[in-house]
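First the structure, which I've put down as structure tokens, then a few questions once you've had a look.
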Amino acid sequence: MTAIDPSRASTRTRMRVRFFETDLMGIVHHGSYFTYFEHGRVEWLRARGVTYADWAGKGVHLPVVEAHAKYQAPARFDDELLVETTLTELRTVSLRFGYRITRGDVPIATGYTRLACIDASHALLRMPEDMRAILLAAEVTKT
Amino acid sequence: MTAIDPSRASTRTRMRVRFFETDLMGIVHHGSYFTYFEHGRVEWLRARGVTYADWAGKGVHLPVVEAHAKYQAPARFDDELLVETTLTELRTVSLRFGYRITRGDVPIATGYTRLACIDASHALLRMPEDMRAILLAAEVTKT
Amino acid sequence: MTAIDPSRASTRTRMRVRFFETDLMGIVHHGSYFTYFEHGRVEWLRARGVTYADWAGKGVHLPVVEAHAKYQAPARFDDELLVETTLTELRTVSLRFGYRITRGDVPIATGYTRLACIDASHALLRMPEDMRAILLAAEVTKT
Amino acid sequence: MTAIDPSRASTRTRMRVRFFETDLMGIVHHGSYFTYFEHGRVEWLRARGVTYADWAGKGVHLPVVEAHAKYQAPARFDDELLVETTLTELRTVSLRFGYRITRGDVPIATGYTRLACIDASHALLRMPEDMRAILLAAEVTKT
């Protein structure tokens, strides 16, 4: 497992709860948080200059193989949330991101997803060195 | 426009409202109805022996190019709904399905979708004769 | 039907396509556009100082009673879209918004939704004068 | 923690993957599995004679406070899946369900959700004895 510099590993993204993400309990449906995590991950990569199309174009895919969330307080329609996404593990053929969602000072949810590195034929792939370097680097642009 | 025999043009499917399809108003989100229409359409095709994979495998795709819904009464979590799907138009390069959703005697929603017939390169495609024949035939199996 | 000043009736919102909004055709699922329209409508109201909570708190609800979309070109994951939302009709107990979604110069989709004005007991409600005034006013803040 | 009789604790539900649940990778989006788990849970309760409306009407709510999934093989549009839902823990103010999704002999995903027992004011609630008895009983009806 590669050492990760914590000072470079996080990206923060602001987002707003949309109406359709709520359910009849009047709060955000628990399943919607996985799309918030995904949004955080996309923005984490973008902040390091990477888009999905780039890596998919090179034949490298990162499907989610494990996902976890703990819900601390309900979020509601129109809430402005902060998603903090952190690379927490970088292995030879997989990586793990942690997430922390807050609304102001209120903790809303935490979670993680593990992603496998695979090629177009769905075989596990040793992550190429240039991609590892990007994942270990600091943010290039602010999201 | 090809004449359609009304006695063969409809298929009925029962389905139940799922929790995540509701919103904070406590009712099914209006956007979810388009997935109900889609479900009705998939079952309409299945009742005539067609699966998406079959036609996609032959290079024929039917993307939605227009969609419409009118909401008559709210549906709620766990409601059992009946979706009646009817082929209402069959043209050279497009077709139209109508939908009627009811809960018992209560009309819930009506709508339609127009689908274009295209090939893998997204060019409009004259629908092959064997497919037209299937669309005009009666149900083969009950869904 | 109340006259609407076109110079005040529109609001533009930028948004980005999220991964989960796509489907196996590799493009945004046609049902997702109704959540984009909704997003445009929420931001249109916010630009005039109105939040859902405000009006719901006063017992005024605006459920969608009709929805329509025409799809002109596919949108894809990570596309940056512009949603232009316009109040196109203001009646005693209903209103209609039109939507135009573009990606740069490319028209992606158009559509409209009709909303009814109802009270907490789901009875049609004559829209209060102060709310009508807000709907007819120009943007207060840029979204 | 209450002892659970494994011979009574499981319910199996069949379901089919819908089009909108897929993503641009051509497979079911990882977030959709949490709605499959939810579907399994709803049917698990229904098999024991319980509907959401029943318990909500008595002021007992069971929000998800933790969710986890491991993805073993991709599921695709139109796949027929079996969801096996099992009550795995019953505590004073919380319970846990485990899920196993398969397609024929192929394991697709496993997961669990922890639910808290709360009242209408969101305070933790000791689960009433009659409800505990229902949760520990065998299926009443086949789903």
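Residue numbering begins at 1 within each chain, and the chains themselves are lettered A, B, C and D in the order written.
By definition in this document, a residue touches a chain if its C-beta (ideal position, glycine included) is under 8 Å from a C-beta of that chain, and two chains touch if they have at least 3 such contacts.
Treat the numbers as computed from the prediction; the structure is a model and nothing was measured.
Asks: In terms of C-beta pairs in contact, which of B-C and A-B ranks higher?
Replies: Of B-C and A-B, it is B-C that has more C-beta pairs in contact.
Asks: Using C-alpha centroids, which chain lies at the maximum separation from subunit D?
Replies: C
Asks: Indicate the whole-number Å distance between the mean C-alpha point of subunit A and the mean C-alpha point of subunit B.
Replies: The answer is 35 Å.
Asks: With centres defined as the mean C-alpha position, give me the subunit A-subunit C separation in Å.
Replies: Chain centroid spacing, subunit A to subunit C, equals 29 Å.
Asks: Would you mind pulling out the distance in Å between where the CA atoms of subunit B average out and where those of subunit C do?
Replies: 25
Asks: For subunit A, jot down the residues that touch at least 2 other chains.
Replies: Correct list: 19-20, 27, 31, 35, 38, 77.
Asks: Touch graph of the chains shown: is it line, ring, star, complete or other?
Replies: complete
Asks: Within the complex, which stretch of subunit B touches subunit C?
Replies: Touching subunit C from subunit B are residues 25, 27, 30-32, 34-35, 38, 61, 63-71, 74, 113.
Asks: Would you pull the subunit D residues touching subunit C in the complex into a rising list?
Replies: 19-20, 22-24, 26-27, 29, 31, 76-77
Asks: Considering the complex alone, what residue numbers of subunit D touch subunit B?
Replies: Contact set of subunit D toward subunit B: 18-20, 35, 38-39, 42, 51-53, 77-78.
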